[in-house]
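In the part that follows, the structures are each spelled out as structure tokens.
In the two complexes below, chain A is the common chain; its partner is chain B in one and chain C in the other.
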Partner chain A sequence: MRAWLERQIPKMVLAPSFVAILIFVYGFIGWTAWISLTRSKLLPKYDLHGLIQYKRLLAAPRWDTAMDNLLLFGALFICIAMALGLLLAILLDQRIRVEGVLRTIYLYPMALSMIVTGTAWKWIMNPGLGIEAMVRGWGFEGFRFNWVIDPDMAIYAVVIAAVWQASGFVMALFLAGLRSVDGEIIKAAQIDGIPGWRIYTAIILPSMAPIFLSAFIVLAHLAIKSFDLVVALTGGGPGYATDLPATYMYAMAFSRGDIGQAASSAMVMMGVVFAIVVPYLYSELRAKHV
Partner chain B sequence: MRRSVFTAASTLALLTASVTSMAQAGPEAEVLHWWTSGGEAKSVAVLQQEFSANGGTWTDMPVAGGGGDAAMTALRARVLSGNAPTAVQLKGPAIQEWYEEGVLANISSVAEAEGWDKVLPASIAAHMKCEGQWCAAPVNVHRVDWLWANAEILQANDIAMPNSWEEFNAAADKLMAAGVIPLAHGGQAWQDATVFEVVALGLLGAEGFDKAFVDLDPEMLGSDKMVAVFDQMRKMRGYVDSNFPGRDWNLATSMVMNGEAAFQIMGDWAKGEFLAAGKVPGEDFLCASAPGAGFLYNVDSFAMFDVDGDDKQAGQELLAKLIVGQNFQKVFNLNKGSIPARVDVAMEEFDSCAHLSAAEMTTSSKEGSLLPSYAHGMAMRGAQSGAITDVVTAHFNSDMSSADAVEMLVTAVANSH
Partner chain C sequence: MSDLSSTPSAITAQTRPGQIALRWLLFCFLGLFALFYLLPLFVMVTTSLKSLEEIRSGSLVSLPREVTFDAWRTAWSGACTGIQCEGLRPYFWNSVLLAVPAVLISTFLGAANGYIIAQWHFRGANLIFSAMLFGCFIPFQVVLLPMARMLGLMGLAGSIPGLIFAHVIYGIGFTTLFFRNFYVTIPSDLVKAAKVDGAGFFRIFWSIFLPLSLPIIVVTVIWQFTQIWNDFLFGVSFSQAGTQPVTVALNNIVNSTTGVKEYNVDMAAAIIAGLPTLLVYVVAGKYFIRGLTAGSVKG
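Presenting the complex of A and B:
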């Protein structure tokens, strides 16, 4: 009896959350997939109409912009946040005096909500209020920094705010990684007279590969689900120049009464997430089997 | 599938309701709306008091945020769970959209007893009917095609209120030369759309506007006249200061108030900002209909949903009667800055801009140029108006050519169905 219980209890404890995930994650993914094949407008309807919503999606210039923005934003955000995070981590790793204070300062942006970040940067980058006005106030009349109101540059303004928010967190990840490298190896390298930068590039960084992967996955999904930052910073504007798939989906579902279209865009977004996560899961699972 | 279940359920509910004998409780109403900011909340409180004074029990259900998006999400959840509110703040084609889902009630008995057909302009009454039956009650009429101006600036630069877009352009060029921002504008999609539709009404005329934005006639949407509308929009872009993206409409209004800018194109809710700052119409600021003949209306209304129970249905009828009643129409609109939807309300207490608006509503109704505003969701459904706004705002915020914009407009509308 006791042995039976011991075997069954974990299963019983896990069952409710398993069922909940089955319904509320996979069940609703299925529901969304179904809705994306219908002509649902205000309320969901269930008669299938083929791929009409996906055709409409591909024909919409606004969706094109949203996907281009996601690619551009995602690539820049991930690369810059990782590079900056790594640099900060390496600098902090030099056994400096007030490391604890600095680490907290750099990590703080992550504690802010994206809405706060977006609103603050909206004011900082507003040409009439922020940096441009300040530098002009110093007497540099020709100074221009109007990215946030320039349709071609606004997406880079979003990148700046997002990097500011996330790079401290990436730094903390990398710092933990740097500290976990075996000190003996580093000491051995130092005794052999290998220069500091070589120790980083040849020993420490390669042994941190799993940290790079986790940082990448965390940043990638932050990028794909970015919504609040854009809403607060630019409202998707100027025009729809900084629209992202998530804001597109929100507009369709909640402002325009076009649920079918929103569902099809949600499915495409999920496809993008899968394209990133599945290879990762695959490599993880395979590594365990070996 | 879902819908037929709904229809069956609501028919059943109606049957049971009519079979059950008179309930004892007084009229009840649960009202879903998004009038939560200062002046608006005050306006809706007027209705609440009047409802209680007539023995009703009012359950307030205000849902703030997103210009009604949040309220619509709440409504969807309520309707899907089979528990719709008594009355919901809805407007324009959205009323018909909900009717097609089979969830609206018929309030023709009240409307006929109160003679709504005689006191409401025909084109506004048409929005309140679903296949010939009354299903909603109008609250007010906002006019969208207003041109607001700073009186002092116009006088200093010797400019009269323009009667055509050429005159407007000439005035704007003069103001630019004098170092004044000609047009106060906020770069948000709906504000771009507002300016666009006002320009379109002026350049296409009432008939053309009707064809393009009510019938969505592809020929009209793709016509040379539409190219001219986008040309004028490109001009308007030049009259706006460079710091406009994302600016809220009331900040643009205060630019006119403070003398930073000369004109603003905005609905008559802008008047509330002027009045709240203690400005006097005709002295400190001027109001005039924007160049072009016609009247673009934005009518707020309450749609009545199918509800069970005599007390709720009695509440619904009482509510409908009070909303269109003379007293509420007057008090509410004095608070909100709009004008009454019914044409027989005494206008003495209203200001001169409201008088102009009421007079032009009556004449344009006779001339057939009383038209629904597309930018404020009166002319077409969300998916179509959204598609048009995407093109308008993309053109306004880039260097797209007018011909490309027109081509995009036609495809976008075709793709929105």
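Presenting the complex of A and C:
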């Protein structure tokens, strides 16, 4: 009896966390999924009404803008952050004496809250007193940089701030990857007289494919979840110009009192995340079995 | 994976004069990028030390002619977050009161879970781990509505304990991942030998595993602290006037529409809100990076 009890202890200690995850992750996803199929407005109703909320979502111009913005923002953010991160990693990998200091400088924005980042960049890009005023002060009277208040350009302002925040992190990922490449292969290539840039493009970068994938997953994940940055930098505006699915969901849930829309938009967000993450996890698991 | 300190795999040999010029170009590039990352911080600090008058007349990047700490004083104890004008101070303490227990509880649970999953094999343990891992990836929007209702049912709506609860629940996945990946590297013979000597489940955890765990505890605490301190979504969704964390209060100060826009106060407030995590990063950057890479690249 005692021995049996001893054996059950690990399960009993793990159980509360497991139950919590079951309820608060899986149960709650189920609840949100259910609500997304009802006509819930201010309060949840549980009678199913098919895909009505998803049809409303597709018909809403504001949601359309949010998805377009996500695609544009996500694509630019991921591409620029990856390119910049890789460039910085390769430059830092050239036996730089002050590498530690530079690395610290490139990465510190990642420690900040997106709200802090948004607040700082909002001020820097303020048309009246920020970069625009500064460059005009240098004598370029016609200089214009009013992206944060221009509906067509505001989303690019969000990209700038997001890249500033996350590119150092991509640098750290790539730098670790560069350092893990087998030194012997590189030495052999150098002895064969292969030029440096060829060693990068033909040997080092291809061997870092898994890191490219990880960086992509992390950045895509950040892009889809982007909420605080937009709230702090543009408030989703001007108008709805910089709305993202996350801000749309929040507005529906907490200021518009339309939880049916909030639930369905949250489900779409989760669908997008899983469309990216699941193939990744699947390939990881497969790779381990081979 | 997370070891950045090993020798660079530098490829360019530096012998010819052309290489020296290239070297200078390299340093120029690196320096320019350093400026790009530092400029916002520089602008924040200098703006926070200027008077409003000087901000309006001067340039964005100029140093303050007259250093004044008025903006810092206002940001800390006088700025308006809506109808109240008590500055960031009460909200800063809210964040402390919220982050400390949430970090400790979620780290402790992660350690226990990771210990069990890695060392006490039983059927279904891997399935449980996968289920927890999966929970790390969900966008929190999908649990926001039911969580708000659940906190209401539990009588924790709009309270700091409610926020702690939410952060602990949704932090377990990551903390378990960290500890599990750390503990799988410890040979299972250790547990077997301890069992032979008569040590039980808890004894082995307290006397053998926890003392070994200092590095991963540091990584997890830093990761959780950064996540929770910087959180905005839960803070804005599950709090009410008076219990808001510092990020929400900062956003309210910056976006409050009443009165004159005080940019120096905004910047001082932003620095105050960012200072704790920035300090952690400066003091323990190595562990911060390790957490970031462990969270993204499965060890």
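Rule of thumb we're sticking to: the second predicted complex is superposed on the first by the 275 of 290 C-alpha atoms of A that agree within 3 Å, B and C clash if a C-alpha of one lies under 4 Å from a C-alpha of the other, contacts with A are read in each partner's own complex, and residues count from 1 in each chain.
Everything that follows uses one rule, which is that contacts are C-beta pairs under 8 Å (C-beta built on N, C-alpha and C of every residue); 3 or more make two chains touch, one makes a residue touch a chain.
Remember, predicted model here, so these are calculated numbers, not experimental data.
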First (chain B), second (chain C), both or neither touched by A:M270: second
Broader residue contact with chain A after superposition on the shared chain, chain B or chain C: C
Touching partner for A:K122 - first (chain B), second (chain C), both, neither: both
First (chain B), second (chain C), both or neither touched by A:G239: first
First, second, both or neither for A:G142, with chain B first and chain C second: neither
Which superposed partner A:G193 touches (first chain B, second chain C, both, neither): neither
Chain B versus chain C as contact partner of A:I105, first or second or both or neither: second
Which superposed partner A:F254 touches (first chain B, second chain C, both, neither): both
Set of chain A residues, in rising order, touched by both chain B and chain C: 44, 122, 126, 235, 254
Parts of chain C lying in touch with chain A, wherever the complex brings them together: 1-4, 6-13, 26-27, 29-30, 33-34, 36-41, 43-44, 47, 55-56, 59-61, 109, 112-113, 116-117, 120, 122, 125, 128, 131-132, 134-135, 137-147, 149-150, 169-170, 172-173, 176, 200-202, 226, 229-233, 236-237, 247, 250-251, 254-255, 263, 266-267, 269-271, 273-274, 277-278, 280-282, 285, 288-289, 292-293, 296-298
Interface residues, chain A side, partner chain B - complex: 41-47, 56, 59-62, 122, 126-128, 146, 148-149, 151, 234-241, 251-252, 254-258, 261
Complex contacts: residues of chain B adjacent to chain A: 1-3, 66, 69, 72-73, 76, 79-80, 94, 97-98, 101, 187-189, 192, 242-246, 381-383, 386, 390, 393-394, 396-398, 408, 411-412, 415-416
List of chain A residues in touch with chain C within their complex: 6, 9-11, 13-14, 17-18, 20-22, 24-29, 31-32, 35, 44, 88, 91-96, 99, 102-117, 119-124, 126, 129-131, 133-134, 137, 164, 168-169, 172-173, 175-176, 178-181, 183, 186, 190, 196, 199-200, 204, 210-211, 214-215, 217-218, 221, 224-225, 227-228, 231-232, 235, 245-246, 249-250, 253-254, 259, 262-263, 265-267, 269-270, 273-274, 277, 284
